[in-house]
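In the two complexes that follow, chain A is the common piece, with chain B as its partner first and chain C second.
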Partner chain A sequence: MSIVTVQLGQCGNQIGFEVFDTLFSDSHSSQGLCSKKENEAYQASCKERFFREEENGVPIARAVLVDMEPKVINQTLSKAARSGQWKYGEHACFCQKQGSGNNWAYGYSVHGPRNEESIMNLIQKEVEKCDSLSGFFIIMSIAGGTGSGLGAFITQNLQDQYSNSLRMNQIIWPYGTGEVIVQNYNSILTLSHLYRSSDALLVHENDAVHKICAKLMNIKQISFSDINQVLAHQLGSVFQPTYSEEGSFHYRRNPLGDLMENLVPHPEFKMLGIRNIPQMSENSLAYSTFTWAGLLKHLRQMLISNAKMEEGIDWQVRPPISGLPALGKMSLKKELRFNTSIANLVILRGKEVQSADLEGFKDPALYTSWLEPDTAFNVWKTQRAFNRYEKSAALVSNSQFLIRPLDMIVGKAWNMFASKAYIHQYTKFGIEEEDFLDSFTLLEQVVSSYSNI
Partner chain B sequence: MGRRRRRVDSEAGAGAWTLPEVIAALSRSLPAGPSPEIFRRAKFDRPEAAPALWRLLFQVLAPLPAYGPSTLPAPAADPAHTVALTPPTFVRLRPRGSGHVLLQGPACRGSGTAHPGRHWPCSTLRLHPWRLHPLPPHRSPGSEAQARLVKAVLRSQGYPRPVLAQLPEDGSQGSRELLLALSWLLAREPLIERLLVQARVQLGDQVPEFKGAEWTRGCPLLPLQGEALASCGPPTSHMGAQVPTDLRYVQWLMGKLWFRWRHLISSQQEQCALLGKIHLYTRGCHSDQDLGHLSVTETEMLRDPEGGQQLLRALGWENARLKAALEWRRWELVFWRWMDTVPGICPPDGPAAASQPPVLPRIPEPGLGELERVAQEMQALHEELQEATATRRVAWEAQVGGPGRGPQWSAVRRASQEAVEQELAALRRSWEQGRGPAPPQGHRLVRREGSSARAHGLRAAELTGPLREQEARLQAALRQLQGQCQQELARLAAALPGLICILPPGR
Partner chain C sequence: MTQSVVIQVGQCGNQIGCCFWDLVLREHAAVNQKGIYDEAISSFFRNVDTRVIGDGGSISKGKIRSLKARAVLIDMEEGVVNEILQGPLRDVFDSKQLITDISGSGNNWAVGHKVFGSLYQEKILEKLRKSAEHCDCLQCFFIIHSMGGGTGSGLGTFLLKVLEDEFPEVYRFVTSVYPSGEDDVITSPYNSILAMKELNEHADCVLPIDNQSLFDIISKIDLMVNSGKLGKTVKPKSLITSNAGAFKKQQRRPFDAMNNIVANLLLNLTSSARFEGSLNMDINEISMNLVPFPQLHYLVSSLTPLYTLADINVPPRRLDQMFSDAFSKDHQLIQADPKHSLYLACALMVRGNVQVSDLRRNIERLKPSLQFVSWNQEGWKTSLCSVPPVGHSHSLLALANNTCVKPTFVELRERFMRLYKKKAHLHHYLQVEGMEESCFTEAVSSLSALIQEYSQLDATKSMPVEDIPRLSVAV
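Here is the complex of A and B:
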């Protein structure tokens, strides 16, 4: 079953390109550490999901590119075409001549309705070329103008028009010290709207990825391209083909549906975080070996202590002893030490994957009281290695990862809102104070739900 | 226990079958039928005969879709996927990756629309409904669960003997009782014929069964699927202190159900699309001009000779069962005569057994209180009604002036009787209509071009029309129920002053 990706704004388009590039080059890599037949099945599965074929041509990504200015889209299109390996569809992009000046309301209330028909038509054409549609990826930032406002509008339209298809928004969480003064307003408006119309919000934090680039990949001058490649690697390790069940050797047909069913069936808990191990520069890769035991021990501690990467993990954090109240119920003012999970999905790829022992993740102390670890924890194991890593593990987690960042954004936005700063830019285009209040209410509720699990 | 009586066959003597032969025929016509020796042992209540009979009854009462076609619930009525009579749109078939196979069937007759060089999408592999897959071992329920199901179903169908309910569930005893139960089932209805119809091997693509009508007014007993049974834990015959379930867990489960439902819908849409493609591309390939194109089963047969062999085997087995059923019908009197001797050797029911009340399912404690309250309310209502009718009757009689006499009175009476009957008939008709059309059985799905009217067969539009009406009715009912829930929530929220209730973000 296929996934159609909608790339929105500068952020969405640049990341989208890296994602498709990583998916393609991994599926055609010769270092899969598996048989030729296995490799071909992997390739075919990846292709069905993300690419389509036209006669006598290179594979075409199942994507729609949307931006309000042409520059980034043209760059993206040409980069893809230059590779000679794959490309975007010729008529798969939509752009206008002017930007939206980081104004969420302009994106949502003006750009959206004005261009609704054209954009939805493009998406419809892409959907028609799928034999069967699993769902949509929508890649966007939440703090900018185009990506965020327009993205919220489009996700809502997708919900109305394709109500039976799944929608996962890949959202880019802004830097804490961002440059856009109204980024917090944009963020809370986007998040609250997406919470109502999306099925899952997979959050990528710029700060975290930046640190990974600096510390793990040893990149001195970190460009957006580096950040996006790390992001693409994380996404690829989740969404490349995986086996369906223990012992069966068919690739899963509906990974998006399976993932969502395992992680986000509850309507109040939709925020997902992603952790990946190991991550390193290509140069170091050749000289490193890993054991599953070591990798999984680190991954588990990353989960518990809410670490973003495998360096600098706080090993002091321990699961609460059963019988004592969970530490998560403390007020947010204190350091939220232990990260309680609602549900976790671990995806393992590589050599000797069957021997990996995941008992540590089935500890009931890691989870809430109302879900058994059997239900809350799932693992997908695949032999075929990913992106030249001999062994790699990804964790998609529905847990308290994002309470702090969310709370910070809501707090800052509230402070600004209390003094009515910059509100006129929004009310000018139809976003009233009521809408702000609704957003605050919804997000406070989300924070509260997550704090009290 | 009643049984059908037949005229004694006058030529019972000449060429008649012996009892073992007749029982063997019966066994052959049933799924998992045991040998005649088992039957003989069961008459004498031998324990070694019990497991085979438990298994047989289980297969008979809860037929698992292990062999034969699986039927899907009705797909969402979607105009893009009605098959009959829409002009076909040209669909480009792209060569697929590693899964395509050249069609090398017999030369396709017809108007030259055959395409010998077509490549088939490998996803057709997922469409064969008749593949013979016995359920994998971890999915068929254990013998205890089987025994429990057999007892439950027999009880709900009204099996009169209490001995059955008391048999141990480990399957070690009770072969005579099971034999009696089997013959009770055979006598009540044409059991074998019903099972054969359910297990038919289908060559064409079937119109899905529409279970809609039954779902709206509470399902009759549906055969439980193996998976549901396999997940039955140890029997909880009584509800102790109810452990309060966290609402969030219930919401979690609802969400999972919702995702699975959406997945089902997309799979069905995919199946429809592929079915359409196959029908389109095999135009002109079928030897029966009336049908015009191949079904999935027939296409699979051409693509995969090995699979064709399996189909042949399935047809062969079906034939054998049909033959056995015919033989059974011819000679079953022999069996019934023998069965007549079985109750005679049962130990007489002790006074304790006779006085035992029928086993009722135990009602959990809080439920009992509710039921009593409801019973009281009904009693009060009944008394009220009786009073009301009494007063009305008195008033009417006073009006009429006593029981009427004479031709004028009888004419009035006849008229009112007719009026009542008409109203009753009208009510019945509207109820029948509300049920929707009788589900079509055994129709084969065929794609037709143009608007050529055929004498026989059903048009898809005739089926989709009532389905849409039913959908609209169900939507209206859903909206009404949702409205009621909203009102209830609002009422609860208002009842607690000073409390602000924030509803979760709705879909």
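Here is the complex of A and C:
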């Protein structure tokens, strides 16, 4: 089954390029550390999901590129074409002349309706080229105007028009210290709308990825390109093929569906995050060896202590001893020590993957009481190594770790809203104070729900 | 990609405008090696086949034939515009895009605004409509003028109302040169205050500039260059005051150096809209992020570095120095000290070989020494444009919506009141049809209201940031 990706705005398009590039180069890598037959099965599966082929041509990404001004799309198209390995479809992009000005209202209320037909037609064309559609990736930032506002609009449209297909939004959480001044407004408007129309929000935090680049990858002058590559690696580690029940050579056909089933048991809880391990520069990689035991021990602790990467993990945090009464409402003011999960999915790739011991993740103390660990925890595996790491593990988690960032954004947006600053820029295009209040209410509810699991 | 139209009004406006067109051509020539008319160039220029008579000559793609500036030149005297039309830039301007008169406005806002306004309204509209027609997607009008005179001040602000009515969806960015303390035009306070009211009501964004600050910057550069400390190691093209390598090779006139600084301001302001980068910032994002309340749209700007040394390797320390300098009062283009006042919002527009980590590192570093308003503690808007300015490897334009503009306005009001109390020169204004004393009192009220807003914000400066109670939801 195939996934159609919609890349929105500057962020979405820049990241989308890196994602397809990583997926492609990994699937054609010679360092899969497995048999030829295995490799071919892997490649075929990756292709079915993310690429299509035209005669005599290089593979074409199953993607639609949307931006309200042309510069980024032009760059993205030419970068892909230059690689010579894969490209975007010739008519797969939609562009306008003037951007959204970082204005969610403009993206949602002006660009959305104005360009609805054209964009949905483009998506339709791409969908028609799939034998069987699993669902959509929508890659967007929440801080700007196009990705956030137009992204929310399009996701809603996808819900209406393709109600049987899944929608997973890859959302980029902005730097806490500000990249766009109205980012908090744009974020809360986006999140509240997506909460109603998306099936799952896979959150990527700029701050976290930036730290990974600085501390783990040892990059001195970090560019957005570096950040996007780490992000693409994380996504690839989840969505590249993994075995279905039948095991070797047989790859699971509907990763999106399986993921939703495993991780989103209740529509009130749809915020997901990725952690992966190991993550290091290519130079260090050459000198490192890993054991599954070591990797999984770190990954588990990253989960329960809410660490975003493998450095600086707080080993003091322990799950509550089972049998004792569950902790009451988590106070947000205190450091949230233990991270309770609703559901977790661990993905293992590489040598000796069958020998990995995952018992640590099945501890009921890690989870809420309303799901059995058997249901709450799932594993996907493949022997085929990913992106030059001989062993790598990824964790997709539906847990409390996004409470803090979400609470912060809501708090800052609320503070700004109380002063009415910038509101005139939104009301100009039909987003009223009521709409803001609705968003605040919904998100406070989400924070509260997650705090009380 | 969008287009912008520059409207240069009056002597000051046209002189700055002329420097701007000179430098923008230089910039595009440096970037556009193959001479193909691309979207970046089209933001400020049309491509015209001059052999075609009439309007049919526009070419949208392919090789550059003849570039015509998207500009309207307005002056009520002929001297400056004529000089431009006889100079090396004459081919850049479309002779149909000029509006001139002979007699001048006599440093009288009322003459510029009321007399010439009504006289030339139709013609102005016609030229503006023409220039808009030539644009695929017009995003912004850049108006350049001075506040202290008659034409730039009076007719320049008359234009704003016309633009607002005729093109309500197009942004109006105004670069205004405010009179310095020792201005030689006695009535400049009257002209400025009358103009301020129009700026308050009809401009989207105002970038105030004053001559004293520009002059100080030039003195600073001269001191560094001539002191022998740097000597020959400064790259000539990199001087923010120079037009080395540009078209105007004639002898430098006294204001050229200062005008080049303002021209560079406009270039850097629009660079991220014209050229590619990893984090673009279009012109509509400037007003979206930097104007929290419609009346508070005055942005203090600073440009760094002022020059580049010839070293090829720029260690991070020098890069960081660029960020520090942007906040120093010596680099601001008006007499203002943003570090000791309150920030409502701040934009950092970086060009060249600078990455997001450099940006973040410097924001973290400088934040503690800056005061931001309570509801916008992380009020930063950032952009990264890959193309550096000519002669530099990187540069920074900082735009601040900061209460440090207040002293400029307060001083202006004081100078005004000194004249107005004695009714000095008032008759020159009142004898113009349509002018009454109420025009003056309304204008002062408008300015006072604005000053009051800034004062109220300043009062919140030392107050502790209180968290507003959040919505509580049922569990």
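To be clear about the criterion, the second predicted complex is superposed on the first by the 443 of 453 C-alpha atoms of A that agree within 3 Å, B and C clash if a C-alpha of one lies under 4 Å from a C-alpha of the other, contacts with A are read in each partner's own complex, and residues count from 1 in each chain.
Here is the rule we go by: a residue touches a chain if its C-beta (ideal position, glycine included) is under 8 Å from a C-beta of that chain, and two chains touch if they have at least 3 such contacts.
On a predicted model such as this, the values are computed, not experimentally measured, just so you know.
A.B. asks: Spot which of chain B and chain C makes contact with more residues of chain A, would you?
C.D. replies: Here the partner covering more residues of chain A is C.
A.B. asks: By the touch definition at the top of the document, which applies to A:Ala293: first (chain B), second (chain C), both, or neither?
C.D. replies: neither
A.B. asks: Which holds for A:Thr441: it touches chain B only (first), chain C only (second), both, or neither?
C.D. replies: both
A.B. asks: Looking at A:Glu261, would you say it contacts chain B, chain C, both, or neither? Reply first, second, both or neither.
C.D. replies: Only chain B is touched by A:Glu261; chain C is not.
A.B. asks: In the overlay, answer first, second, both or neither for which of chain B and chain C A:Glu53 touches.
C.D. replies: first
A.B. asks: Considering only touches as defined above, state whether A:Met408 meets chain B (first), chain C (second), both or neither.
C.D. replies: Once the two structures are laid over each other on A, A:Met408 reaches no partner at all.
A.B. asks: A:Ile222 in the overlay: touching chain B, chain C, both, or neither? Say first, second, both or neither.
C.D. replies: Touch status of A:Ile222: second partner only.
A.B. asks: Counting contacts the way the document defines them, which residues of chain A are shared by the two interfaces, the one with chain B and the one with chain C?
C.D. replies: Touching chain B and chain C on chain A: residues 441, 445.
A.B. asks: So in the complex, the part of chain A that touches chain C is made up of which residues?
C.D. replies: Its residues touching chain C are 10, 14, 69-72, 74-75, 97-103, 145, 175-182, 210, 213-214, 219-225, 227, 329, 410-412, 414-416, 418-422, 424-425, 440-441, 444-445, 448, 452.
A.B. asks: Quick one: which bits of chain A touch chain B in the complex? Just the residue numbers, please.
C.D. replies: Checking each residue of chain A against chain B gives 1, 40-41, 43-44, 47-48, 53-55, 131-134, 164-166, 195-196, 254, 257, 260-261, 264-268, 368-371, 375, 441-442, 445.
A.B. asks: Any idea which chain C residues touch chain A in the complex?
C.D. replies: 1-2, 39, 136-137, 139, 276, 278-280, 282, 284-285, 287-294, 344-345, 347, 355-358, 360, 363-364, 367, 374-382, 384, 467-468, 470-473, 475
A.B. asks: Would you pull the chain B residues touching chain A in the complex into a rising list?
C.D. replies: Interface residues on chain B, with respect to chain A: 94-95, 97-99, 121, 123, 246, 248-249, 251-256, 258-260, 262-263, 265-267, 269-270, 273-274, 502, 504-507.
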